[in-house]
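First, the structure itself, so that you have it in front of you.
All chains are identified by letter, namely A, B and C, in their written order; residue positions are counted from 1 within each chain.
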Amino acid sequence: MFRNQYDTDVTTWSPAGRLFQVEYAMEAVKQGSAAIGLRSRTHVVLACVNKANNELSSHQKKIFKVDDHIGVAIAGLTADGRVLSRYMRSECVNHAFTYESPLPVGRLVVQLADKAQVCTQRSWKRPYGVGLLVAGLDESGAHLYYNCPSGNYFEYQAFAIGSRSQAAKTYLERRFENFMDSSRDDLVKDALIAIRETLQGETLKSNICTVAVVGVGEPFHILDQKTVQQLIDAFEIVGEEEPPAAEAEDTADQETAAGEGAPAEEGAAPMDI
Amino acid sequence: MSLSKMPLVDANHAPDASSCTLDSQRTLYPYVTGTSVVAFKYKDGILMAADMGGSYGSTLRYKTVERVKPIGKHSLLGASGEISDFQEILRYLDELILYDNMWDDGNSLGPKEVHNYLTRVMYNRRNKFNPLWNSLVLGGVKNGQKYLGMVSMIGVNFEDNHVATGFGNHLARPILRDEWNENMSFEDGVKLLEKCMRVLLYRDRSAVNKLQIAKITEEGATIYPPYSLKTFWGLEAYKNPTAGAEGSW
Amino acid sequence: MSKQQANWSPYDNNGGSCVAIAGRDYCVIAADTRMSTGYSILTRDYSKISKLADKAVLASSGFQADIKALQKHLAARHLIYQHQHNKQMSCPAMAQLLSNTLYYKRFFPYYAFNVLGGLDNEGKGCVFTYDAVGSYERVGYSAQGSGSTLIMPFLDNQLKTPSPLLLPAQDAVTPLSELEAVDLVKTVFVSATERDIYTGDKVEIVILNAEGLRREFMDLRKD
C-alpha cells in the first residue's frame, strides 16, 4: 500500500527533499473532474465539467461565487473546496465591512495560499485536497490564479486543472496569446472548446458543464444551462475541429502516464505544478 | 475645564459598576486640543486648512501643532480635538498604509477606504466607552474621483462638498454655502479658505494666527508652510472699549 | 473654562423623520435627508434609506453611527443569505432579522428608529415598525423619528385604518392608490418640516411595486 517509508505524515521529508503527503494531495486535484479558466484584459471565464458520481445522483457544484468581483472553480475534494470558498466569502464580507470596497483578488489568493500552507507544516493537519482556479477583477484589472494544496499559487493567462486537463491546457497553450484582446464572447467560446477537449470524444452538452463569467460591468455569475446550450449551438462546438482534439489526446496520454509515475520517482519536487 | 475639577474616574458612563476601575485608562475629557478644520472640494481636488494652536484648556500651550497630514498617496487628514489621540490615529494609519504598500500589487487604499477605516476605529472605540477625542476630516482624490468626509469621536460620519469641524461648522460653513462652488480655481479656493479662517480667528477664542493650508490632487498632497493672515484690530471700539459705557468709576 | 464637554455620551440624536405606507400592490418608504447634531446641521444631503433587498427597504433615524453599523450588518447578513439560499431575502424575513439584530444589543442598544417597507411574498405592500430594542409589528403605515409625533396622528386621521382590535383581523393596507400615497407622503413631510427643526432640506421617496423600485426627491424648507 505504501509507496515508501516517508509518506506516513505530512511533516516528514523524504531524503530527496519531498513531502509525499503534499504531493498526494496534489494528486487528488488531478482525480477531480476538469475545471478551466482563461482571461482577457477585462473578463475572466471559468468553466468546469460536471460529473455525477452515480447514475442516480446529480453532480456536485464546482463553481462558487465568492463576491460580486470574485469566483472560484474547483477540482479535487469538493468538500474542501466548499470550506475554502466559505472562507473566501467571509474574508470578502469582512473587507467590505471595514473599507466599503472590494478585496483585491491577489490579496485574497495569498491569504488562501497561506491557509493551505499551514496544513503542510502541522502534524495534526491534512493538506486540502483541492485545487482552486480563482477568477476576479480589481483595480489592477482581471486576474486568474491557481491555488494548489501545497500552498503555492500562480497567476495565469489561462489554465486547466483536473482529470484530462492536459488536453485543455494544450488547446489553451496554442491560443493564449490572443486572449488578452479577446471579447467576452470569444473567451466563453474558447472556454467551451477547452472543456470539450477534456471530454475525449464525448459530446459537449450544457448539462455536463458549467460556465461562469466575471468582468468589467459584469458581476461574477454562473450562466444558466439554457444560455450555455445556446452558446454551444451557436459556436457549433460539437464534434468538428477534429485534428486539434486528436493531437491533444496524444499529449494527454503522455501526461497521465508521466503524472502517475512521478511521485514515487526520485527527482526534483513537483511542487510548482 | 480646570484641572482641579477633573474627576478621577467617570462613574456616569461606565457600562456597569464592576468594570468602572482605575486600571483602564479612558479619555474622559481632552487635555490639549486643536480647534476647527475647514475643507472643501475645488476644481482639481480638495483644499484644507487648520491653525497650529494647541490649547490646554484656555492656555495656548503649543503653537506649532501640525493638524493636517497626508495619508498614503491619495488622502489628506485633518483633525480637531485631542492632539495626542490624533497622533495615535496617525500611528494606526502609518501601519495601515505600510501594510498596504507591502503587498506591492498595484492596489492601494483610497480616501474612501481610509475614511471608512477611520469610521470603524472611532465607532469601535466609542463602543468600548474609550473614545478618541477628535473630529476628523478626510479628503482625497483617486482615479479622478474627489472625496471629502468627516468622522466624529462617536463615529458619526458623512460626506459633503464642504465640511468644517467645531466652530467652523457654525462660522465657516454658512460662508461656504454662500460662496463655494465645485469648479473654483486653486487661487479662489485659497481666498475662500482665508476668509473662513479669518472669521474663525476673530471669533474663535482658541484660534491662533498661524495656519497651514493643504491641497490634494491627482498628483498628490501638498502641505504649505505655515503663515499668518492680515488682521485689523484698529476699530475705535477696540481701542476704547468703555467709551459710551461710562460707569461710576 | 466652563464645563465644555463635561459628560461624554456614547449617543447623539442626529434627527430626521421616516415614513412608510403600504398599499395593495405597492409600498412607499420616505425619509428626509437632513442630518443634525444639537442645533447645528451637519449635512443637508444624507440618505437615511437603505435598500436591503429587492423587496425590502429600510428607513432609519436616530444616531447615525449606530444606524450605519446596523445597515452594514444587515447588508452583510443579506449577502451571506444570498450565498446560502441563492435568492433575495423576503421582506417579512428581513423584518425578523432586523428585530433579532436590534434585540441582540438589548443592553447597549442601537439608538435607531426603524421603519421597514417592502412587498411580501404575495406582492402586497408591507410595513414593519420598530422600537430601538427590536419589538416590532406589521402595520399598514407608520412614522418614526423626530417628526413622528407630528406625522403619525395625521396619518391616523387620513388613512383611517381598520382597528387592530377587530376580529377577525382586517387587512391593514391602506386603500389609497400609489400616486395618492406619494402625495400624502409629500404633504406630511412639508408639514413636519414647518414645526420640527430636525426635519427638512429634502425628502427622499422610494416606491416599490411590481415593476420594481423607483426613487423621487422633493425639496423641503432649509431653515
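What we mean here is this: a contact is a pair of C-beta atoms (placed from the backbone, for glycine too) under 8 Å apart; a residue touches a chain by one contact, two chains touch by 3 or more.
Here the structure is a predicted model, which means the values were calculated and not measured.
Peer 1: Farthest from chain C by Cα centre, which chain is it? Let me know.
Peer 2: A
Peer 1: Looking at contacts between chains, which pair has the highest count of C-beta pairs?
Peer 2: Looking at every pair of chains, the most contacts join B-C.
Peer 1: Mind checking the centre-to-centre distance between chain B and chain C? Centres are C-alpha means, answer in whole Å.
Peer 2: 32
Peer 1: Just curious, how far off is chain C from chain A if you go by their C-alpha centres, in Å?
Peer 2: Measuring from centre to centre gives 46 Å for this pair.
Peer 1: As a quick test, compute the distance in whole Å between the mean CA positions of chain A and chain B.
Peer 2: Distance between chain centres, rounded to whole Å: 50 Å.
Peer 1: Would you please write down the residue numbers of chain A that are in contact with two or more other chains?
Peer 2: Within chain A, the residues that touch at least two other chains are 97.
Peer 1: Mind pulling up the chain B residues that touch chain C in the complex?
Peer 2: 1-2, 5, 10, 12-13, 15, 28-30, 57-58, 119, 123, 126-127, 129, 131, 150, 152, 154-160, 169-170
Peer 1: Touching chain C in the complex: which residues of chain A?
Peer 2: It is residues 65, 89, 93, 96-97 of chain A that touch chain C.
Peer 1: Spell out the part of chain B that touches chain A in their complex, as residue ranges.
Peer 2: 103, 105-107, 109-110, 112-113, 116-117, 120, 143
Peer 1: Can you tell me which positions in chain C touch chain A when the two form their complex?
Peer 2: Checking each residue of chain C against chain A gives 72, 76, 79-80, 83.
Peer 1: Name, in rising order, each residue of chain C that touches chain B in their complex.
Peer 2: 1-12, 14, 35, 37, 40, 42-43, 45-46, 63-65, 68-69, 108
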